[in-house]
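Heads up, the next two complexes both have subunit A, just with different partners, subunit B and then subunit C.
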Partner chain A sequence: MNPWEIIWRARGAFLDGFLDTLAIFLLAALLAFALGCLLVYGLEGRTGPTRRALRGFIDVMRMLPFLVLVYLLYYGLPQLGVRLPAWSAGMIALVLYHGAYFAEILRGGRTMLPAGQIEAAQAHGFAPGKAFRRLVLPQLLIRTRPLLGNQLILALKDTAFLGIITVQELTAAANSVQSSHFVPMEAFLMVILLYWLISIGIELLIKWSARFGAKRGFEHV
Partner chain B sequence: MSELPVVSIRRLCKSFDGVEVLRDIDLEVKRGEVVSVLGSSGSGKSTLLRCINWLEEPDRGSIHIGGVRMGVDERNGRPLSARRLASIRARTGMVFQGFNLWPHLTVLQNVTEAPVHVRGLGKEEARRRAVELLEKVGMAHKRDSYPFSLSGGQKQRVAIARVLAMEPEVVLFDEPTSALDPERVGEVLAVMKQMSAEGHTMILVTHEMDFARAVSDQVVFLEKGRIIERAAPGKFFTDPDSERVRRFLELSD
Partner chain C sequence: MNGQAWLLLLDGAWVTVWISAVAIGLGVVLGLLVALLRMARIPFLEQLLILYTSLARATPLVTLVLFVFLAAPGWGLNLSREAAAILALTANTAAFNAEIWRGAFLGFSRDQRESALACGMTPWLLFRRIMLPQMLAGSLPGLVNEMTFLIKGSPAIAVIGLVDLSRVSNRIGAVTYEPLPPILAAALIYMAILGVLVRLQALAERKAGRLAM
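Showing the complex of A and B:
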């Protein structure tokens, strides 16, 4: 049989894997982004141990290979009596890891924000939380848009590691098809195409959102 | 019955890294009064203004806005919680040298943002009042523009509307025309003059001597963190007591 015919017959497995990956990616991206925002807000105006702890967390995540974090949560934690299902371990790993990166990106944007922006918020009676949400965060998003898009694509690619700990997703689906029919080239080319599709979606979203900044004079596109 | 002063500052002191910037400042501003704070750069004028709304925390002394202690819980002497500090700050307004409009919001949104999200005013009501204020400062035609597309003078007029929308008891002006092209200064001063005529209480740090002379009820001169002269503008500009002020006025002519 023609290898592509084999792939076509296994289309159900690829489609399931694609939808699994898409769902994992969307949920993880949303939660990681929320975590990133919380971390940056936690760093606002703090100097003491809280700040050191948050910075420490972000730095540890950044020096850690993602796969090691996944192993730690899935294989390491049971040793301490915490047994997570593969899917939960994978999701937590994605959220913590990419949450830290989102935080680092937003923190970079925060250091570039003129102090007068915060002072204007304070002078008009904004409490810190509301000032951050309504006046600081929107500006950070506009300023760091391309970096956030890049991080989303990295998060998408990291979902492929979850197959290693038995999570059902696209790469695992391809792996099972190629090993039972021995069509590795075609199976993985198919997978690349499907990841690429999601990446294009992310790219379009990021490109489309450029108009918010352009309209407000933040950037020229 | 004598009315409570809108701003009452007692024995205010502030140092930065051991350098004394303000020393024993006493100042009272009555309702509807315009006070100009003059002095050379580094004399502490801006720091004084920024202490009044607690953008800088003074080391000693007290500030009351409409009888309410700024920054400190009067019952126990501790710093106010962020929330309570914010609500007292909202009783003051500040116009900055660098405008500090929020660039992601339109002109109209800049003016409605704090009334809606700090004071809890309804959106429609806030919008209606914002348009009125923008008309007053001559910026209603730009209501849907974003700040980056405005000139400095236009930005500052929007910033003034933004402050007035919060109906503060006192408006603090921190060198509001220093960052403007010379031909744009007049349009901002005109708005400020109108404000004083309408009875707004204002404290003004400025280098615009003629303007200070025209609108002030009281002029205060700061030198090395101390008030060394305070007088009505007529006396201050023609017959000051201190030799230092005399020299300052000669040099700035």
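Showing the complex of A and C:
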């Protein structure tokens, strides 16, 4: 039988895996993004132990390889008496890890923001939370848009690691198809194509969000 | 885990460090070049570069390393393992860095640009003296993020037979039948390497802060 025919027959497995990966990725990206925004708000103009603790968390996440974090949560936590299902352990790992990276990206954008704006907002009586939500965050998102796209693509690729701790997703689905029919080349080409499809979706999203910034006069190309 | 095992691990760490360092150096510069060429909006070349960034970012590193190593002889290039690994890592990281640099370009403050042009600076002088230093400071977190990802992804070069840190720890585990200690030791060394990088970033930021940026 032609290898591509085998792939076509196994289309159900690929489709299920694709939808699982898409669901994990979308939920993890949303939560990680929210965590990143919260972390940056926590870093806003504060000195002392809180700031040091938040910076410490971000730096530790950046130094830790992702797979080690997944292993710690899935195999390490049960020794402390906390047993997480594979799916939740993977989701928590994705959110913590990429949330820290999102925070670092937004923090980098924050250093480029003119200080005068924030002072003007304070002078107009904006509460810190409102100034952050209405003035700082939208500008940060517009400015760091390409970096956020990079990070989303990396988060997508990291979901493939979760197959190792028995989470159902695309790479695991392809692996089971290729090991039962021995069509490694075609199965993985198919997987690359499906991942690329999602990442093209991310790129389009980032591209469309540029219009939002251009309308407000932030872009000059 | 005895002294000899640690020495082997350090040998592996050296391979990881020098190959990653070369790829990082090339990748940062090439990324800037790609971003500049994309901002210049040359027809055809722009679409080509968009396709390159899209594909290189979406392809997993292992796939890219294998592809470069196995496909290069077909193009008449005889690459050593090291050269193939550096080429693949550079192709991947340059695509990510190009997006980081482009972001810094797009976000550069409009008033400064206009006032520099009004003062009679040529575009090249404006880029070199005003934009590049600030862009470098602003995109440092993004660039260092990408460097940490490159080092964390570097075990991918083991698939073409390079003996890097992760491969050494696998080999030690295969001989001693105790996989956990060498893996933990390797994780410790990875964290030390990345810790140095994160530390250097903090130092560079403090220096940039003193220049009042």
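Convention: the second predicted complex is superposed on the first by the 219 of 221 C-alpha atoms of A that agree within 3 Å, B and C clash if a C-alpha of one lies under 4 Å from a C-alpha of the other, contacts with A are read in each partner's own complex, and residues count from 1 in each chain.
One rule holds for everything that comes next: a residue touches a chain if its C-beta (ideal position, glycine included) is under 8 Å from a C-beta of that chain, and two chains touch if they have at least 3 such contacts.
Just so it is clear, the structure is predicted and the values come from calculations on it, not from any experiment.
Peer 1: Quick check on the superposition: with subunit A as the shared anchor, is it clash or fit for subunit B versus subunit C?
Peer 2: Here subunit B and subunit C can both sit on subunit A without a clash.
Peer 1: On the A-aligned overlay, A:Arg52 touches which partner chain: subunit B = first, subunit C = second, or both, or neither?
Peer 2: In the superposition, A:Arg52 contacts neither subunit B nor subunit C.
Peer 1: When the two structures are overlaid on chain A, which partner does A:Met63 contact: first (subunit B), second (subunit C), both, or neither?
Peer 2: In the superposed model, A:Met63 contacts subunit C only, not subunit B.
Peer 1: A:Ala127 in the overlay: touching subunit B, subunit C, both, or neither? Say first, second, both or neither.
Peer 2: first
Peer 1: Tell me which partner A:Arg211 touches in the superposition: subunit B (first), subunit C (second), both or neither.
Peer 2: It touches nothing on subunit B or subunit C.
Peer 1: Considering only C-alpha centres, what angle arises at subunit A between the directions to subunit B and subunit C, nearest 10 degrees?
Peer 2: The C-alpha centres give an angle of about 90 degrees at subunit A.
Peer 1: Given the superposition on chain A, which partner contacts more residues in subunit A: subunit B or subunit C?
Peer 2: Of subunit B and subunit C, C contacts more residues of subunit A.
Peer 1: If we overlay the two complexes on their shared chain A, which of subunit B and subunit C does A:Glu119 touch? Say first, second, both or neither.
Peer 2: After superposing on A, A:Glu119 lies in contact with subunit B but is clear of subunit C.
Peer 1: Name the contact category of A:Leu135: first (subunit B only), second (subunit C only), both, or neither.
Peer 2: In the superposition, A:Leu135 touches subunit B alone.
Peer 1: Can you work out, in whole Å, how close the C-alpha atoms of subunit B and subunit C get once everything is superposed?
Peer 2: 8
Peer 1: Would you mind listing the overlap between the subunit B footprint and the subunit C footprint on subunit A?
Peer 2: In subunit A, residues 114, 142, 218 are touched by subunit B and also by subunit C.
Peer 1: Under the touch definition given earlier, write down the residues of subunit A that touch subunit B in their complex.
Peer 2: 114, 116-117, 119-128, 130, 134-135, 138-139, 142, 212, 215-218
Peer 1: Subunit C touches which residues of subunit A in the complex?
Peer 2: 59, 62-66, 68, 101, 104-105, 107-109, 111-112, 114, 142-147, 149-151, 153-154, 157, 160, 188, 192, 195-196, 199-200, 203, 218-221
Peer 1: Would you pull the subunit B residues touching subunit A in the complex into a rising list?
Peer 2: Counting only subunit B, the residues touching subunit A are 53-55, 82-83, 86-87, 89-94, 96, 98, 100-104, 113-114, 117-119, 146-149, 162-163, 166.
Peer 1: In their shared complex, at which residues does subunit C touch subunit A?
Peer 2: 39, 41, 54-55, 57-60, 63, 96, 99-100, 102-104, 106-107, 109-110, 113, 134, 137-142, 145-146, 148-149, 152, 187, 190-191, 194-195, 198, 205, 213
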